[in-house]
Structures are given as structure tokens and as C-alpha cells.
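Each remark here refers to the structure printed beneath this line.
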Amino acid sequence: MAKLSFPIIIVNFKTYPESQGKRGLELSKAAERVARENGVCIAVAPQCVDIRLIAEAVDIPVFAQHLDPEAPGAQTGHLTSEAAKEAGATGSLLNHSEMRLRADIIEGAIRRAKGLGLATCVCANTPSMGAAVSAFSPTMVAVEPPELIGSGVSVSKAKPEIVRNSVLSIKKIDAGVRVLCGAGVTSGGDVAVAIKLGSEGILVASGVVKAKDPSAVLNDFAKSIWPKK
Amino acid sequence: MAKLSFPIIIVNFKTYPESQGKRGLELSKAAERVARENGVCIAVAPQCVDIRLIAEAVDIPVFAQHLDPEAPGAQTGHLTSEAAKEAGATGSLLNHSEMRLRADIIEGAIRRAKGLGLATCVCANTPSMGAAVSAFSPTMVAVEPPELIGSGVSVSKAKPEIVRNSVLSIKKIDAGVRVLCGAGVTSGGDVAVAIKLGSEGILVASGVVKAKDPSAVLNDFAKSIWPKK
Amino acid sequence: MAKLSFPIIIVNFKTYPESQGKRGLELSKAAERVARENGVCIAVAPQCVDIRLIAEAVDIPVFAQHLDPEAPGAQTGHLTSEAAKEAGATGSLLNHSEMRLRADIIEGAIRRAKGLGLATCVCANTPSMGAAVSAFSPTMVAVEPPELIGSGVSVSKAKPEIVRNSVLSIKKIDAGVRVLCGAGVTSGGDVAVAIKLGSEGILVASGVVKAKDPSAVLNDFAKSIWPKK
Amino acid sequence: MAKLSFPIIIVNFKTYPESQGKRGLELSKAAERVARENGVCIAVAPQCVDIRLIAEAVDIPVFAQHLDPEAPGAQTGHLTSEAAKEAGATGSLLNHSEMRLRADIIEGAIRRAKGLGLATCVCANTPSMGAAVSAFSPTMVAVEPPELIGSGVSVSKAKPEIVRNSVLSIKKIDAGVRVLCGAGVTSGGDVAVAIKLGSEGILVASGVVKAKDPSAVLNDFAKSIWPKK
């Protein structure tokens, strides 16, 4: 279970064919190289069936894309924090716009993951949602306006006030929560602006996974993520 | 991807600690031994994160506990048939009483799995539900009255008419669908009665996973599953 | 509680402003007039809050758009069959493409409604779904390809084989189930074709509610619904 | 649309037979009498089909038990704020423990209701959930530990720290949000303690609806709700 540090880049593999199974393993190795070379934390979030494959092969944090709040027992089709941890997961995304959750399930899943030492990155579709989920004290909140996801237009440039307001309102509720932003991030410039606005990392998917040269994109992101002095 | 044959015993690992990760792997190896010794098909259905671990180590069918109907693409937290197949799955349970699904999702998931050559075992809480889901032509339907799940009282002995009616109504709709029964199966006697009533296999969970000696229980099941002449 | 007869026209009011509250009441009165003049059964399905308002004012069947399967008791935000019946409902739509339900909830809601003498019209997005839900013996099944809903292109003309296959497969499973078709029905010609293909009625929404002259459209439908000799 | 004032007593009618249709109307009239005699705001939350019946007959606030966030349009089985308002609703409960909602739906439903001048009372199963939903600025938050609902053991007496912590954390996030408490409230003593702990009202269901003499219970509550000097 590799360690988290900030700033962080989390690459959501979604269910893209380009990041499934063996291809996801190759992408994770590329992410590991870029992370090492740039001294930046890069985490990957593959489909659940691929967590162990990747966690055994690389020394970067591997996230689940979703965790259920239930304790081990008589459930079918769920993914417990215990099983994800044994498979090598460092943490999990929760409440992604493509997997929105009941409010009580978000709270329950954060609590359960935390009890096992797993990190959580809760996605929020609005700044006020970012504030709301911060009341559950997850490790991170990633603010992603759904209309920009996969758009190629980055939230940091198109709606800088969303990033700024999110940072303010989240930190006011729990200063310990790390704020990420996502949606439409495709260039180092997008990343630099996000960091300048107070974000401590980014959540990215198609911008890396669907890129012609994912390593080059990640490298560009990694070089842009340290705040300029 | 190991081959299916009938009669079949499917062991649902649920999210029990006794069948998670390494312990699930040991249980799968035990199932493989019993299957080989008795010439009976035994499949295991571990948590999603454990599918590849087990599928790589044993030569018996490995089932997912759930599959989503979506094609690969921009989804987060879903498990596609493609990813499950690449990880080594032979098929999947669907619509278990602990993971009930929308009717259109059952149909969609069956269609998608079938397109990739994956088997499906759809759970049904009533005989009429068994008939209903047969209209989607899954590989198997497992009829399990939810009130008997985990009860230690087997459906084949407590409610033989449920098994008999299910077989009749399912075969009438699609004679190619294999009928399993489940819920409360704990002994070879339960299995023998189920087969006598027309069932072509059983779906079992705690009766094996929570047993003091799972191998002995599986052995008892396997010896009882061939119809007596 | 007005009586049902076949052929039937069911007008789904959805949550359109044109069919809400007082405007829905006027539309229901218009439907009553057309029904009376043409000797055709026309039912309306308003939003839940409007059921009593309309059922008290007109003598045509009033349907809920959805019913929950639970018995009266400690539930919040649900609509029981008992309360819908007391408010004057004759029956309910279930599993509309805009309100898809878990398979076990479809079965449960049909059973509960039937126990109170309420009719059910279960929507099906495919012919095989039509066959599946027929195993629960609802009063009616309405087959509606979702891609044609609101399209202005009628299922009876664009995909006649869907109507024909649905009638065959539903009647094979339960000859007592009445088969309706829907999606894209806007003219008497669409209705006539639907009836010719074996349908015993139609489910319509925007084709009537959004029409410039809903009475004229309903009149056209009503005149076209009796099978030509 | 009767006006809200604080302190408030909200009576959730759930789907109890004792508060359905005509019986719900009688109960609402009793609540109106007690409200008038004691100068206390009492609101009732009947099943959706009964909103208009009751709102037309009494001059106290009538709440829906749930509202959907969608704008009027092509939805089936939903209840829009517009239709609830036209039927006479003053506001709505949201996210009751028996109707838990996705976080984004809570935010969306509050925003939509507010836009139409409808009040919202969001239920929270924990103090941190109370804090979370306050980030969406509903009119009220009602903190109800689900294990005490219907128990006859009041949250104000059994777990006073839950009420106190909720008031503190909610007011810190949005001082304009009114804090109610609920679960297990059956006597004036429970109400007095709740008010003393900082609550501005109570949410009650079986304690009133299932009482032998609901008027007497409401009267007891109303007399106990004014803070003692």
C-alpha cells in the first residue's frame, strides 16, 4: 500500500478499454515512472477486478473507483473495504458523477474506509456539495462540474471561481480535507492554474487515458503541479 | 476460463471474511479438488477484487457476483463484462436477493455477458420471478426464497413445490435455461432432493463458506448430486 | 372507480405543465367527453397529487403513474395502493421507461394492487421484457421502445414487428394479459395499425398532452381504435 | 399555503392507515385546533395523494413527504415542486430515513423547492449528516437517529448530545437553518428537553398518529414547546 502525498494526481481509469487489465497495468507502470522522475504522487484508480494486478506490480497508490459501506458478511456483489485493502488498495473514489451515492452511504463508506486506514476521495458536482461532504471528513474532496467531464475544457480555466469557492468552503468546514479539482483537465497549464487557485491536486480520466501519449501528458501535469515561487 | 457442465454447484463467496482474498483462494483450491475427485462441476463466485487471483490459480469456473450492463467507456465504479472476462471470469451471478436489479438491467447484463461468451446465473426470489427472467434466456436461473437464505433449512426440503413449480414454469418459457435452487442447502440430502425435484444444480453460500470443514460439505454435496438410478 | 374496457387509450400526463392540476382536470374532462361520444375507454394518469381532484370530477378510469409495493405502515414518501385507491385510482402504470423498477418491486406492486382490485399496466422497453413481466400476470403490458418515446414516430409504423412479437410472446405466457403499445403515437393511423397488429390499446403522452388540440387528437384516436371489419 | 413559524411541530403521516385519506383529514383538523389554541405552528405531512384534500380544508402548513428535483416535463411517477405547490403544499420533507436520497438529489430538490417558495425539512440520521445537508441551506434540518424512530424512547432524553452537537454544527455552517429533532418523541417532557437543548421544533410520526388520543398528545407537545423562562 503505497503512501499518499500532496500535491496529487489521481488517474481514474473508468471502464475505458485503454485502461483495462493488461493495458491498465502498462499505464500504471508509466504513471509510476513519471511519479518517480518528478517526485510527484500519482495514484491510479482501475476497475475493481484489476486492483490486485496493479497494486502488486507498482509502488504508487492504487484506488478503487467505489467502495460499499457494509462490513464483511452476507452481501453479494458488494466490495468491502476489507477486500479492497487485502487486494492492495490505498483508498477509493466515492460518489463520482457516474456513480452518485446516497448521502448516508457516502458517510458510511468514508467511516468504514477510514477505520481500515484507507484514503477516500469524494467527488462533488458543485462547490456546496464539496462543502457538504467535507462534514464527513474524507481525505480528499474532488470538485468536478459534470458538464465539463470529458469536455477538454478544464474547470480551472473555464470556471476558476468554482475551484476557489470550493477551496474556501471546504477548508472552512474541515481544514484537514485536501481539495482536488477535476473535469476537462488536459494540459499542464490547466494543472498550474488549478494549483494556483488553491487546489492540492487533480482528478483526471480521459485527459490521460485517451491521450495518444499518456506518459507525455502525465509528465506535463507533474511538471506543472508544483506551485511556482 | 474453465468450462461449465451440469449438474453444477455454485459457491457464492459473498463478502464473508472466510472467503476473502487468500482464504477465498484456499477455498477455491479445495473446491477444485472436490470437483476433480467427483467429476462434478463446482464454480466459485468471489468478490470482484479476487476474481483474477482465483481464476489464475484454479481450473474451475469463476463467477463474478454481479456485472453491469454497460459497454466499456466513461463509467466509474462499474464492472464491465469485458473486464471480468479479461480477469478470468467464466460468468456471473445476477440479481441476487442481496443485489436486486432493475428488470431492464437484468436483461441488459445478460445480453452483454452472452455477447462475450460469459455464462449468467440469475437469482429469483419466487417461481414467477424465475419464469420472468427466463424470458431473457440466461444460462441458469437459481430460485432462492429469501427467507430461507442462510437459514440452514433447505428450500428443497421445506418448500419442494417451489423447486418443482420453478422447473416447470422456467422450462415452459425456455427449455434451454438450466434451473438451480438455493437457500438453506447444508447437506447432501438437501442436494439429492433438489436434483430429484428437477433442479440441475445448487447455489450455496454459508452452507459451505461458514462450514467447519468446507471440503467435507462440498464432498457430501458432490456425491449426492448425481441422480440416483 | 370507473370501469376498464378494451380497447383502451391511456393518457400518461407525466409531469408536463399542460396536464398539471387544473389543466390536467380540464384535459381529463375532455377525455371523458371523447370517451363517451365514441364508446371507447380512455384512462388518464395524472401526477399523484392530482389523482383525487380528477377522480372526483370525471367518470373515466384514473391511473397513478407509479405505486409502491409496501403495505401501509412506517414508510415515508411512498404511495401505497390503499391510499391511491381511497383517492379514487382505478389502477396504475408501473415500470415506465422514466421510472424503471427492480424486478421484485414490479412483482410486488402488481400483487399488492391486484389484492385491492386495482388494475396494472406494466411498461416494457423490449418484447422480451413484455414477456418477462407477463409472468407476473398484470392487467396490461404496454410495450414502448424508449428511443421512440416522444419522437412523433410511432412504434406501430416504425417497428411493427415489435408490436407483433410482443403480442405473441406475451399471450403465450399469459393469454389473459392485455397488450398495449406506445411510443410515438400521434395519429389515428398509428392507432389503427397498432390495433391491426394485435394490440388492445395504446399508451400515449406527449402526442395528446402537447397537442394543440388534445380533444381532436383523442377523437381521432378513438375513431381509429375499433378494428375495421 | 399556510405560513411557517417557529418553534414548529411537524407530524409525518407516513403511510399509516390511521392517517390516510379521510382519517388524515380528521387528524389534520385536530392539529389545526391544537395549533390555534396554543399559538404553535403545527404542520402535517400526508401521503402525496392526500395533500390537496387536506390543504384545501385546513389553515396549517401541509408538507409533502418527498419531492423530486426535476423540472416539469417528460417524467413519469415523479412529484414536481410545481405540482405539489399547486396542490397546496407549503413545503416538503426530504431524505427521511425511510426514503434516503442521493446527495445530489437532496441539493437539487432543495434548490428547486426554494425557487418556488416551498420550505424544506431535510432529515439527517447523524449530527454530521445534519451538518452536511446544511451546506445546501434548507429551511430546516431534522436530526433523527434511525434506531430511535418509532421506539418510544426520545432522542432528546436518550441521546441529548446528539441534539446539542447537531445544533452547534448546523448553526456553524448556516446560522439560518432551523434545527429540529425527532425519533421517539412521545411526551411533552421529550419536547421540552428538545427545546432546552436548542432545537426549534420536532418531527414526530407514530407518537401522534398511533396515539389513542392524538389531540391530547399534540396538546401536550404544544404546551411544552415554548421555552420556559
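We call the chains A, B, C and D, going by the order they appear; numbering starts again at 1 in every chain.
Following the convention adopted for this analysis, contacts are C-beta pairs under 8 Å (C-beta built on N, C-alpha and C of every residue); 3 or more make two chains touch, one makes a residue touch a chain.
Quantities reported herein were computed from a predicted structural model and do not represent experimental measurements.
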Find the chain most remote from subunit A, comparing centres computed as mean CA coordinates.
C
Roughly how many whole angstrom separate the Cα centroids of subunit A and subunit D?
37
Could you put a whole-Å number on the gap between the CA centroids of subunit A and subunit C?
45
Could you pull out the residues of subunit B that touch at least 2 other chains?
none
Looking at the whole structure, which two-chain pairs count as touching?
A-B, A-D, B-C, C-D
Quick check: in the complex, which residue numbers of subunit B touch subunit A?
12, 14-17, 20-22, 47-53, 64-66, 70, 72-80, 82-84, 86-87, 89, 93, 96-99, 149-150, 205-206
Please give the residue numbers of subunit D that touch subunit A in the complex, ascending.
95, 100-104, 106-107, 125-126, 128-129, 131-137, 169, 173
